[in-house]
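Some structures to go through are shown next.
In what comes next, chain A is part of two complexes: it sits with chain B in the first one and with chain C in the second one.
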Partner chain A sequence: MQDSRSRASVKSLLKREIGKIRGRLKPPAYRGVWDVETIDRRRLNLLLALVLGLAGLPVFMLYVLLVMSSFANTMLSGPDIFSARYSIENWRMLFEGRLSPAAGQQYTTRDIIMIIVNTLVVALGVTAVVLVVSVMAGYAISRMRFRGRTRLMELMILLHAFPGVALIIAVYAIYVWTLGFIPTENTFAYKSYMMVYTVFARAALEIPMSIWLMKGFFDKIPWEVEWSALVDGASRFKVWREIIIPLVKPGISALAIFAFLAGWEDLIYVHVFLYPEIKTLATFIEEVVGSIETTYLPVVAAAGTLYLLPTILFFVLTQQLLLQALSGGVKA
Partner chain B sequence: MRVRLNPAFLFLIPALTLILVFYVVPLILSVYIGFTPLQRWNLNRMGSITAYNFERLFYMMFHDPDFGKVIRTTIVFTAFTLAINVLGGLGLGLALYLMDEVLSLPYRILWLLPRMTPVAVYSLLWYYFFLGGEEGTLNSILLRLGVINEPLSWGTDPRLLPETAWVILILVNGFVGVSFGMIVFYSAFHSIPREQVVAARVDGATTSQIVRHVLIPQVRWHIVYVTVWQLLSLLTTFAHIFLLVEWGAVHRWWGSTWALYVFNVAFKTYEQGLAAAAATVLVIIGAILGLVALRILKFKEMMVEPKGEI
Partner chain C sequence: MVEVRLEKVTKKFGRVIAVNKVDLVFEDGKFTVLLGPSGSGKSTLLYLVAGIYRPTSGKIFFDDKDVTNLPPRERNVGLVFQNYALYPHMTVYDNIAFPLRLRKEPPEKIDSKVHEVAKLLRIEELLDRFPSQLSGGQQQRVALARALVKEPSVLLLDEPLSNLDALLRLTIRAELKKLQQKLGITAIHVTHDQAEAMSMADKIAVIDQGTLQQVGTPEEVYLKPRNLFVATFIGNPPANTLTGSVQTVDGTVFVEVGSARYQLTEEVSKIVREAGVEKLVVAFRPEHAKIVESPLVDPEGDLVLEGDVYVVEPLGRENIVTLIVAGMPIKVVTPPDVKPHSSSKVYIVVPRNRVMLFDVETGLNIEFLIREIHQKIPD
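Right, the complex of A and B next:
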């Protein structure tokens, strides 16, 4: 048993070394599969682009209409983008909390600001928890020997696949039970606990995949770096903090973006744990659209656009990083 | 005597704690709740053990017409969305692989957009597209084209149910799910040695021959992997359906899958015992599919042994 395992590890080591050498011998990357120019590549390119474009068009159109509607005097549905009148009136109404022009104030400017702040707190909280936990665990799994290392990683994959809906019932039961110990009259403590619990519960969902991702980034650092520091007498923790962490900064920033977006976009957890005491942009939109009869839709479009903004921003800024990290986790 | 603790343990404490509190304990608790008459989060009721929830679930499967609709919706939704996700993902990955990089990158980004969009905004987009009144995008387009004479409530009109509700669910989730396959297949195609493609090309193979005989056969395992993984997530996720049902864009029963039904029983009708029993079924399916996915991943090869410990 022991023997076969060590033989397997030697084998994988060899394979890796050979792979490395092969990588060095490889000619520079080809572009596309068109190395032998025997057919007209422009025609196929055009055809594929057209098909993919047409297939994606409905969705893309929806995004454009939403963003444009947030500036228009009516919800746009296509050709009417030319006849509508545009202004920033919807955005002003959103921040004044006037979600329906006829009815009275439903929200105040302060409420809206608080909703945005709450969303940010959840997103940043999730980011912090995910980063600390997975940078530590990812390092241990990538670099250290301990019993059950492989089992643990298998467990991570299984957990990632685990049905969240089965968990949330029990996680909520624990929440109800622990909330019983917090004095209700102390509103600040009560709400803080709600927020903290939600952040941890939501972050836990991201943990298995994040550890997996982080392990991949640690795997890429050459061992010599670590050995030389260890030989010089540095402690394991010191090596981790002062030498390894700076080397995986790209990985950490990729992880931070994913964790932030996960916390930012969450609906189910903030709906279950925080609504209606603490509202975020997700539950806010859920609520306003729910009372659709009285709601002025272009203002909702403005709220939706506001909510969409960080996603688009990250998208434009980090597209390469995003694709790299997403494909790193599934390299089989 | 000083006990020497493996330093790896210190690094793992935060992760292990979170996994214990938010995965292991809830998992056991969830199965346990399935055997209790828990209602309205009255935790005092958790003392007594009963198999009533499972009996009731079994009875409902055959005799409750609404639950029957949920089951049929789950089957149709899962089957069709799965087909779209796997085949669409394969097609997308292939097309993007064949394209020039200049074109491929913006397209990959574009197709990822639904996945990265906040669920509430994504639901809002589709809610508005299928809105019942004249101002709904689909109605307004079709009215202008003269295809229909009056605005239709696409997801709830009894004359159109259940097919339209199903189409809405499949469409909404398909656009999100297809990007997973796209990413997996795209990187799988790129890991095929270029020489093979070039050799086939030199031998005079056409593009479609290369696709059928060189590229597709080498991503067989990825196809199985994506299928299993997507099957799992389609059975268990419900976030993208949740708001469409809540906002009334689709019919309450013809638009609900098993997972959403579990959620609503737990948090709307407050019968947590029943919900947990229904969730236990998902847990079993999830565990089996998860193990299958692990085997396919050729997991062991991805674990590189640490080289040194000083």
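Right, the complex of A and C next:
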């Protein structure tokens, strides 16, 4: 390690020296002429950062205002960020289920903890279903030959092309029909069924793309690794569990994040199937925004921030993970 | 250790015949090299022995046990791949221990075996590392250790040296052969590198287009190639070939190559006449030829060709002289002091016992032609 580093530094030193000599030798007319090779890397990066920063600024500012509003005594919209008073009062109210600071409010308090739990159940449920189905199906499609394999993959892409909204009428029809068989008096069974149905319906929307994604990850593993394990004495299932699955972990993580966010953020499906018996954060925000004249907006801003939290968190934390490629031990 | 025997083994992928009716015996405790160009079916053959592929037809035996339909895990083979195929998420130790753990051997036994094989391959200090932290040569040793730790009855090597740099390849080549001799293990090594094959093998099996071309010791394959393919595939530079027509003058049979005439022996003449051969390929190895300035007065039946010097490539230990004979490029390996001028006229002399003759139609060596005709039509 040490050796290679010192060698690298010697190399870069040499490069710099050679560069200097070249610079001196270069006729002055060519200096400053930018072709692809000679654009200064640092300047280029600076330029790119500037352009992207400016383009992203409006969107970024909106989020900043939302997050700041969740701590402020008024909904912020610009210069008032300097005059507002900040506290965690909004968050406290949100978790107490009160939507306004005024005492003796006429609306019923909301069980925000329950809402968060519901959202989590949907999100985690979708994640679980998507993972199980797409990891197994992705492996099968990547590694096993069977009749209609390519046709199946084409069909899945086609399925993905349909937006969830277009499918919802049929999915809803089946939902209502099957719900008829569940005894209404048994609230737990009834609500469980609603939840399970929603989870599966929502997961089904994610699955086609997830299978494709997973297939890509499986495709990247050389056959030799799998053969090697087979020769070493493992059964096909053992190879899958002990060799292949650990190698696609980055893919599984990415998939899990996408599926979780899809479940967490979903509005249409949870609204159609669960509202108003079971509320999630999305339908909760929709509801309070619906009565916007009477709502104390900074609390909604807190709810909105809470709703955004996983998205922000995952994208900040997992950038590295998503980029992490599996390497080593296998020379391509 | 076992003897591996293939009987009429054929493997088809769809309509492509990868391995075509191969009969081959890999002797117990011997180092056999499967040699062929890429796409010749040599790796497929190896995977058939490993059990990764199942033959379309034919049988595979380990000693007297028919393993044709056994899955790889019931064959007890060790396999090293070209890309090593180490498990990237496991340490070197776990990589080597993996086959033993699958056999549910007790941990202390696994530990002692792993250390033993690691010591043998001198990778003990690497046991805690991950494959990505190793150099190519180290990864190769780990792959070898993993293959050897289960004490396989056959060691299969699929071009294990081709990802190493040239210098390391030479070292490992020698070490691998030494290791195989030390362990007395039956080894099958697949390669497209004829020098590697020559240097390592007890026996070489040359394969092309899924068909076995010749099986023999390195010397046999080199000096008595069964057909034109083997002659021109093995050797660096490979054997020179010139096509000539068979002519009979006053009862003696000649091959006419360019301006030269090469008289055939009585025996060969008989075959040529019997088989009705009209054209022959005259071949010889570059190092068996000599360059002389003037034509010999008494050639004693040696092959003498007239050629123009095209280019001289000095390699230090020897020179490679390319000449144009009858419009065809011919390479001759000469001592370093022989440096004829470009486009000068010289003569090439090949001793009679070094000249190989091949039938143009079948590509077979004349010597083999007799034998194979006799085999087909027993008299």
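The rule is short, and it goes like this: the second predicted complex is superposed on the first by the 252 of 332 C-alpha atoms of A that agree within 3 Å, B and C clash if a C-alpha of one lies under 4 Å from a C-alpha of the other, contacts with A are read in each partner's own complex, and residues count from 1 in each chain.
In this section, a contact is a pair of C-beta atoms (placed from the backbone, for glycine too) under 8 Å apart; a residue touches a chain by one contact, two chains touch by 3 or more.
Being a predicted model, the structure only gives us computed values, none of them experimental.
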item: Partner chain in contact with A:A161 - chain B first, chain C second, else both or neither; value: first
item: Contacts of A:I243 with chain B and chain C, given as first, second, both or neither; value: second
item: First, second, both or neither for A:L230, with chain B first and chain C second; value: both
item: Partner chain(s) touched by A:I182 [first = chain B, second = chain C, both, neither]; value: neither
item: Partner chain in contact with A:M136 - chain B first, chain C second, else both or neither; value: first
item: Per-residue touch tally on chain A - higher for chain B or for chain C; value: B
item: Chain B versus chain C as contact partner of A:F60, first or second or both or neither; value: first
item: Which superposed partner A:S77 touches (first chain B, second chain C, both, neither); value: first
item: Common interface residues of chain A - those touching chain B in one complex and chain C in the other; value: 227, 230-231, 326-327, 330-332
item: Parts of chain A lying in touch with chain B, wherever the complex brings them together; value: 8-9, 12-13, 16, 30-33, 35-36, 38-39, 41, 44-45, 48-49, 51-53, 56, 59-60, 62-63, 65-66, 74-75, 77-80, 129, 132-134, 136-137, 139-146, 149-150, 152-155, 157-159, 161-174, 176-177, 200-201, 203-205, 207, 211, 219, 223, 226-227, 230-231, 236-237, 240, 261, 264-268, 272, 281-282, 285-286, 289-290, 292, 297, 300, 304, 307-308, 311, 314-315, 319, 322-323, 326-327, 330-332
item: Sites on chain A touched by chain C in the complex; value: 222, 224-225, 227-235, 238, 243, 246-247, 249, 326-332
item: Chain B residues touching chain A - in the complex, by the definition given at the top; value: 6-12, 14-15, 18-19, 21-23, 25-27, 29-30, 33, 38, 41, 43, 92, 95-101, 103, 105, 107-114, 116-121, 124-129, 135-137, 140-141, 144, 175, 183-184, 186-188, 191, 194, 197-198, 201-202, 204, 206-207, 210, 221-222, 225, 229, 232-233, 235-239, 242-243, 246-247, 259, 262-263, 266-267, 272, 275-276, 279-280, 282-283, 286-287, 289-291, 293-294, 296-310
item: Of chain C, residues touching chain A in the complex; value: 47, 50-52, 71-73, 75, 77-79, 81-89, 95, 98-99, 102-103, 130-134, 136, 139, 146, 150, 163
